Each structure stands twice: as structure tokens, then as C-alpha cells.
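After this come two complexes, each holding chain A, first together with chain B and then together with chain C.
== the complex of A and B ==
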């Protein structure tokens, strides 16, 4: 069976709510029924076949071609299957995602992976502000799963994050990990100001020394046993994080935010230091 | 049945259902992983008074352990699930948490999950950190040498305890030499432990005693010094009997361990004073698992 493919015929002037087009909602639906679904487009409704050419039949493998930055809520609460976006995506990409795989070939807008619960969400381009955050007024952001961003992310990545792993190959904006409750954020590039602002628990793992607030205290250099296990869990990903050369187990640990609970940590890779021989890389071979 | 001059009795070992789990201890080097494992499996020869039967299964190569360090896998057996969980937790807390550079992981993923480090985390006094990695929960407990990393739970499975065979020899040194040879081979079998000191027990027991308070007492039928005064099971030339007890995750694992063990004993043969192989049972009424010696060696 070939993937169920939606190819955008043109770009709309107004934003489109794509949330009806997810694997679990299209299961067992005929192409005619799918074509007749009405999507919210600004203040009017637009039929799916008015906006997209539809081909293929496997509703558990959905491809959206010619995607553009006004297609919001792609993969909302995705509970199974795989969705692939060729091009850009709008806001709320993978919001509340529960399982399966979601992939954006280009960049995505605000609130991607917000309140995500499980699954694997990959963004090959950049992500906007509030990646994996809580919606305004809500107390808990991302609660599980893995988010991989190959580009850069905006401000407030992981705001109110509760659990799960966020992997950022590029740079992160200001307030990365702000108000984080728990979970893990790893950033290979640079980070902005106010890193981990009001962070309660959780880990921010960095390859480069950040500019830290006065409320993060130096706890010294350490070899941490959980790091090899964490890196090993990344080996199945198509990412720089999966490479053995990216791994390390020697870090400088900063505890904070002392203006909050102070149980969170920022771990920074120790530059120019060999891996502690006690933790061999044998498990990566 | 006679192998190399050693007579194999037409009898069977009788074994019982137990609950078991496996834990993996790693450390900076094999020496310290082994020290921790030895402490954890110490005083665990018999459920009669130790609470559990435990032993070192094997040494693990760094490529086989979760954190890529040298490790040791240990198996722990108990009569019930609650007892197993309690023994596992107290032993992990006193013998692994305390051991320098150690980390502790689940050795069995399937089965009912019982606490491994789940409650040890409270030692961290609020500074402990949970990490859920690839579906497994780990606890990082700050300790004076750095961090104690432990998996939250490990799997509990149904297992078999009490497989055994008796080595009957013309002298004590010959019985011991044969048992040592058997243990060397049996230690190569996965999923089994021989819980007694060095794998060998010299005080095999029978059920009951003349003293009402005691549930078990010396197996007088196999005591060589009592040959003339009790209903003995020994012929005149037997001067010493030793037993090897085996606990395994499955009946097949014990089958295999018994086979290689008895084989090793028989290789020494009658010329080295080994006369007979027998086994301990209670008439087949108590344990559902029967290991017939002649079937195993067939």
C-alpha cells in the first residue's frame, strides 16, 4: 500500500487547521470521505480536496507535500502510524502527540510538540518559540517522548516541560528550559540568556559553556554514569546525537535554579578532556 | 547405569518452585563489581535461615552491561515473591549502594516488576534524580564517591530451586576434588547458581528430627560415620558424601547443569575413588520437579 498523500495545490491566505488529518482519525475512511472533510480555514471552511490533491491509500502512513507555514495543528494528538511533512509546517506541530512518528522536512512554527505525551517527533529545519511547552494557562508541557530538532529553536524551548527528551542539534534561544518541571533537554549549539530560568528539576545537557544566571551554582566536574546510557538510547536516531563522537561522560555540573527548588542541573561537556576510562565506549560498538 | 566405573543411582532429585530475579552490578573495574556481588550474595546458602538463596551467575564483559563497565550478574531465589522483594532490596541497599563506584541494573526485563532501586532512592534525601531512558526508569542517588546509578525495578520470574546430586567417594579429599571439578563446569552454564559455600554442601538434610522444634536434621542415611548404627544408604567402602545443590530459572537449565556436573565427576571415575552418584528426594510427594539422574545422563 502506498502512503496516503496530500499535495497542496496552492497556499491559502488564511491559516488552516489540519488536526482532522491524522492517522487514527482517517483509519477505515474511504478516499471520498477524506476528500469531503472540511478544514477550518480562517473564518470559513475548506474541503480537503479543494486544498489538496489526494493519492495513495495507507492512512497509517500520511505524507503532506508542498506544505507551507500556515498549516497549523499537523499531527495533533497523533496516536499511531507515521506522518511526514515535506516543506514547512505552521504552529502547534505535533501538539499533544501520543504515539507514532511525526517528521517535518522543513521548519515549523510556534508551540511545536507542545504538551506532547509520547512518540518521536523530528524537525529537520528550525522550530519556533515554545517548543514542547505548555499551552498558555496550562501547568505542564511535554510529558514524554522524544523531540529531535536538526536546526535551531526559538525562545522558551521546554517551558514547563514535565518529562521526555528534547534534542537540539543547533542553537537554542533565550529562556531555554524555563520553568522546567523535569525531563532532559540537550543542546549541541549555543544557548541564549536566562537558561533554565525558574527551573525546578530536570537536566539541560550542553556541548558549549552557557551564560548562566547567578542562581545556578557550580557543583564541580564529574563523571556521570547515566550519560553513557542516555547516549546509547539515541543510537537509533538519524542524528548527530547518535554518533559515538558526540558522546561524553565528563561534565561540569551546575545546580539550580536556586530561586526555585534548586533540584535541576545544567551539565556542560568538559572541553578538551578525555572520557573517563572507567566508562568504556564498548557499548557503542 | 555405570559411567567410568561410577554407578548412577536409579533415583531422582526433587525440586520446588521458587521466585527469582537477576541483578547486574557494575563498577569501575571487575574487582569492585565482584566485591559488591560477593557481599550481595553472601549469607544466602539456603532459604531455611538466610531468607533467600543467591549466587554469582557470571562475570560480564563491558560490552554486555548497560553502562559499558565491567560487571557481574547475580541470581537471587526465594520461596515467595514478597520474601524475594525484601531480600533484594535489603541486599541492594546494604551491599551495592554502599560499594564504591557501583551501579545496579535489572537483569531480567520480563515478568512482574519488583523494586530494585525504587525505594533506595530515598537515601538521596530529596537530591535524587529520576531519568526515564528508553522506557526504563533510573535513579541517580548522590553519594560521597559521586553518584549511585540504579534501575528502578527488575523482573521477577518463576524458577526452580533444589536440584541436586550427591557424590559418594572413598575418601573426603576425593569427594571434594570431584565436587570442585563439577562446580568448574557447572559455573559455565547460564541461568543457574550453586548457592552453598563454593557450590558444595557437606551437611545434606532430611525432613524432620527427633527434636520437635527442628524441621530438618542431618541426613543420617548418608552419614558415613553412622553406617553401623542407622538405616544406612551407604556401602562399606564409602567414606565421604558431598552434595551439589542447584537453583535455576527453568527446569531445563538445572537439567543442563546437573548433566555437566555429573559428567565432570564421572570423568575422574572409580580410579579416583568416586563410587556412586545419588540424589536427594522426599519420595516425590513434596516437589513438582523431578530430575531423574539416569534420564539426565542418558
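== the complex of A and C ==
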């Protein structure tokens, strides 16, 4: 069976709510029924076949071609199957995703992976602000699963994050990991100001030295046995995180945010050290 | 336009009509006598086998004022689950626990309600409350102005000002705030909270002013009576939600010396402290006291299970309960030394012993108070449950077997602590019409509402008789507001604007001299700006004011 493919015929002036087009909702629906679904488009409604050419039949493997940055809520609460976006996606990409795989070939907008619960969400381009965050006013952001971003992410990545893993190959904006409750964020590139602002628990793993606020305490250098295990868990991913060359187990640890519970940590890869270097007194300098 | 409503079964307790088949005529918004045979009928509705009642009146519902907006901001997750789209005649919004103003109006009308009264208008926020209510379509509205924890009154009481001076201040404030009644919330307690008191019993003194809640109640209830305001002092008593507060409530009833008093959401004030969990029902004691004390009226403030949000002026008690916030966020604030505000989201659970027993206590009070003219159907929207649960509540009152089925599902220990299962009473349609129409209109002091008699405004609800009372009351066939058809089959088909009901008690203009000085020295606005003029409500062309008469004043 070939993938159920929606190819956008043109771009709309107003935003489109794509939440009806997810695997679990299209299961057992005929193509004619799918074509007749009405999507909210600004203040109007638009039929699916008005906006998309539809081909293929496997509703558990959906492809959206010629996607553009006004298609919001793609993969909302995805519960099974796979969805692939060729091109850009709008806001709320993979919001509340429960399982399955979601992939964006290009960049995505605000609130991608917000309040995600499980599954694998991959973004090949950049992500906007509030990646894996809580919706405004809500108390808990991402609660599980893995988010992989190959590009850069905006501000407030992992805001109110509760559980799960966020892997960022590029740079992160300001307030990365702000108000984090728990979970893991790894950033290979640079990070902005106010890293881990009001973080309660959880780990931010960094390749580059961040600019930390005064409410994070330097806890010295450590050899952490769990890091190789963590990196091992990434080996199945199509990512720089899966490469042997990316791994390390020597870090400098900062505890904070002391203005909050202070049980969170920022781990920074120790530069210019041989991998698996022996424990040395210099670590405590 | 002359409308004929043919052959409906009429329940109009205000005129003593209990289930009589009648034909009604409406012209220019009011009921009229049967016109002469040669007069042309513009529109006839065949209502044979339908139930006719006046439009329902919610005499205690939080639909305006700053706390509503705080509640809205606090629970976006609740709104997201209930978006309301626009239609050609209705505006978009959102619903559930604290709906947007427009949705409030539509949903009330769709249940057959044509009036709602905001029970806690802070004088300093009255303008905002009226502006917000001005955005509620279809419904008539009005409000009770909140006094009792305001610095000015407490200073007067401390200075032992005479009753006349207090009456003048109360009357002046009612006029300035465009109110139809006076409310007191945790008398003096909101103020005492600011002086670090975390509880205030009926005879306990405010640490700063040396005034007890009882003194405040007596002076305000006297003022309301002497001014001739028909709605008795609307009292949210001391110790809301505290186990054992039933004694405080009984003491409040007895200690008022026969003055008219309306005890609001009395369910929250009817708790004993017996049993393994030190929490028990005081419902029977409260109902018995109401039965014996004719100057007392009460609305229940029934809780129903599910997510809601509690919004109250009682920041002392809201602060004490913030640990139960679900979701875990809350607001408690002072409002310009006038009063306070506490907003705590709440999820009532049937498997929680306390919540389950609260549910049973409310129903006990409904069923054990003998006189339906002195008890009123409320959930203290949104504090006990959103107003959209009223049809479900009506079914609980009218259907014993349904009630007992529900009782069997709640926390087993709570079932043992209530006598609800042994109460056989089922409300009749006439009694429901008293609770929600005639009684409410009488209590609020509305002269020509809540009735289907000649001369009254034609606010009408038409239901199809259904043994499932929830289904019957949630979807009226027709609702008329001021003689205009606004709802058909439970959906809004036409919108209009209701009026604002007020009273204008008289006061001695010398009272303003002191107030002027006080405002200049302490307040954030000038006394001239504090007073709401009639124009502010009417000048946009859709609001209007309806002034009701006072006792002993023509």
C-alpha cells in the first residue's frame, strides 16, 4: 500500500487547522470521505480536496507535500502511524502527540511538540519558540517521547517540560529549559541568555559553555557513567547525536536554579580533554 | 405585534396557576387580556401539551466583575476544550466553567433563563461589572453591591456613627454602583485577612477596627430594611467551607433579631464536624432552622461533580483552600481596600469523601426546606458548578430514583453520612417554577417579571413534557424575551439586549461631604468618577435601566 499523500495545490492566505488529518482519525475512512473533510481556514472552512491533491491509501503513513508555514496543528495528538511533511509546517506541529513518528523536512513554527506525550518527532529545519513547551497558562509541557531538531530552535525551548528528551543539533535561543520541571535537553550548538531560568529539576546537556545566571552553582568536573548509556540510547536516530564522535563522559556540572528548587543540573562537555580522561585533581580547580 | 400562545399548560405560581391549560396573549412585550374577536393576531403558536413557565431567573450567578476575568485568564485549558464558533446571529467565544460574556447570554437563554443577578459587585469595580454585563445578550441583569469589608463602613462602625448615617452611606453606594441589593461577604473577614487574621468568627473582633461580623450584619441588614430595599441583605456568612460551620450559620440566623436575611450558597455553610473524617452534614439542622425562621431565605449553592473554578470576594477562605486548587494555580488579592478577591480552580470528585458529602448536603437542604418560596436553585455559578448543570440539578430534585442511583455511585463513606436516600420528596413542576421564577422575582424585588399574568413582561419558556427532566429543561421549545422569540429548540435564533434592574433608595446629600474628603485622601478615583451615571448604561443604545419600587415608598 502506498502512503496517503496530500499535495498542496496552492498556498492559502489564511492559516489552516490541519488537526483532522492525522492517522488515527483517517483510519477506515474512504478517500471520498477524506476529501470531504472541512478544515478551518481563517474564519472560513475549506474542503480537503480544495486545498490538496490526494493520492495513495495507507492512512497509517501520511505524507504532506508542498507544505507551507501556514499549516498549523499537523499531527495533533497523533496516536499511531507515521506522518511526513515535505516542506515547512506552521505552529503547534505535533502538539500533544501520543505515539508514532512525525517528521518535518523543513522548518516549523511556534509551539512544536508542545505538551507532547510520546513518540518520535523530527524536525530537519529550525523550530520556532516554545518547542516542547506548555500551552499558555498550562502547567506542564512535554511529558515524554523524543524531539530531534537538526536546525536551530527559538526561545523558551522546553518551557515547563516535564519528561522526555529534546535533542537540538543547532543553537538554542534565550530561556532554553526555562521553568523546566524535569526531563532532558541536549544542545550541540550555542545557547542564549537565561539558560534554565527557574528550572526545578532535569538536565540540560551542552557541548558549549553557556552564559549562566548567578543562581547556578559550579559543582566541579565529573566523569558521569550514565552519559555513555544516554548516548547509546540515541544510536538508532538519524542524527549527529548517534555518532560515536559526539559522545563524552567528562562534564562540568552546574546546579540550579537556586531561585527555584535548585535540583536541576546543567552539564557542559569539558573541552580539550581526552575522552575518558582519567580522574584528575585538576577537575576541582 | 400581537402574539397568541394557544393551549399550553401554564405553571405560574405568581398568579397561583398550577398546571392549567390557558391561552396567553402578548403585545408590545407584555401580556395582555384576550383581545376582541376582530383584532388581528399577527402570530399564533400552538402550544397544546406544552409546558409554559415564565423565563427563569438566576438570583445568584457570578457573571460580571473583575473576578470573572481573573477566572477566565487562570484557566485557558478549560476554554480550549469548549470553543464556541460564531454564527450569522451569534458571536464567537468559549464556554464551560467561566464562559465569555456572549456565550453566557446564549447558554442561559438556551436553557430558558431570561435574567441573572451578579451577587458581588464591588463598588469600586461596579463600572467594569456593568460594562461586562452589558455584553451579555438576551438576559436581564442586575447586581448586589458588596459592602461590609470596606474601610469606610468599618471606620463608621468604629466611630459608632448612628444608623441613619450608615443608611445614607448604603443608599448612596447602591445608587453610585447601580445595584438592586446589598451583599456582604465574610462580614469584615476580607478586611481582617489584611491584618493577618486567618479566620473570623461571628463574634470575633477585627484586629484593627474592633468590629465583629455580627455588628456588621446587624447594621447592614437594618440599613437595607429601613431603606425599603426589597431584596434582603444578601449574606455570604463567616467560615465558608469550614467543618463545624453549621453552628455559625445557625447563630447568624438566630442572632439577626428577625431582620430579613438572605443566606447565599448555604450548602457551603452547613457542615458539621462529626464522624471519622470530622466532616458531617448539617443540612437537616439548617433546613429545620429555615423552616422555623420566616425572615430567612436561602439559595443552596449546590455542587455538581466535575471541573469548575471558584471565584469569590472571600479571599480569607479562598486563601485557606488554595491547597485544593486543581489545576494547581490560584489568585488572592486585595481590591483597593474595598474588598478582596480569591480565585481557585476546583475539581469536585464524586469519589472524594468531602465533595461527595457536599453534594448530598446541598440536596438535603433543597428537599428538607418546606417552603419553596424561601429556597432558590443555584450552584453559585461557577463556584459549585457551571450554570449549564441546572437541568441536571432539576432532575435530581424531581426524580427520586435518579437521585438515589446517583447517590449509590458516590464515595461510600459519604453515602453513610447522609440521610438523602431516605428522603422521598420530589419537586413538582410548580415548585420548580417557584424556585426558579416566581420566588426569585419576588426575592430580588422585580415587579413585573417571573410571572405570566396580564401586565407582566412576556419572558416565557415553553417546554415539552418529558419524564427525563434533565432533557426537558435543557432544551426548551421556545423562549421569549420581552415578547420576542429568541430561542427555538434550545438554539438561539434571535438576540436582543436585556435591561438592568436597579433600585434608587433615597439618601441625605450631606453624606457626600465626608465621602468627598475620604475619596480625595485615600482612593484611586475621585468621588465624581466613582458614581456611575444612568447615561453610562443607556447611551450606547442597547442598555437600559429599570427602576423597581421600594417597600413603603411609592
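Methods note: the second predicted complex is superposed on the first by the 276 of 285 C-alpha atoms of A that agree within 3 Å, B and C clash if a C-alpha of one lies under 4 Å from a C-alpha of the other, contacts with A are read in each partner's own complex, and residues count from 1 in each chain.
Just so we're on the same page, a contact is a pair of C-beta atoms (placed from the backbone, for glycine too) under 8 Å apart; a residue touches a chain by one contact, two chains touch by 3 or more.
All of these numbers come straight from a predicted model, not from anything done at the bench.
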item: Which superposed partner A:79 touches (first chain B, second chain C, both, neither); value: neither
item: Contacts of A:136 with chain B and chain C, given as first, second, both or neither; value: second
item: Which superposed partner A:37 touches (first chain B, second chain C, both, neither); value: neither
item: First (chain B), second (chain C), both or neither touched by A:223; value: first
item: Dominant toucher of chain A (residue count), chain B or chain C; value: B
item: Doubly contacted residues of chain A, that is, touched by chain B and again by chain C; value: none
item: Of chain B, residues touching chain A in the complex; value: 28-29, 61-63, 65-69, 101, 103, 126-127, 129-134, 138, 140, 146-147, 149
item: Of chain A, residues touching chain B in the complex; value: 144, 163, 182, 184, 201, 203, 222-226, 228-230, 232-233, 263, 265, 278-285
item: Chain A residues within the chain C interface of the complex; value: 43, 135-139
item: Of chain C, residues touching chain A in the complex; value: 73-77, 80, 86, 327-329
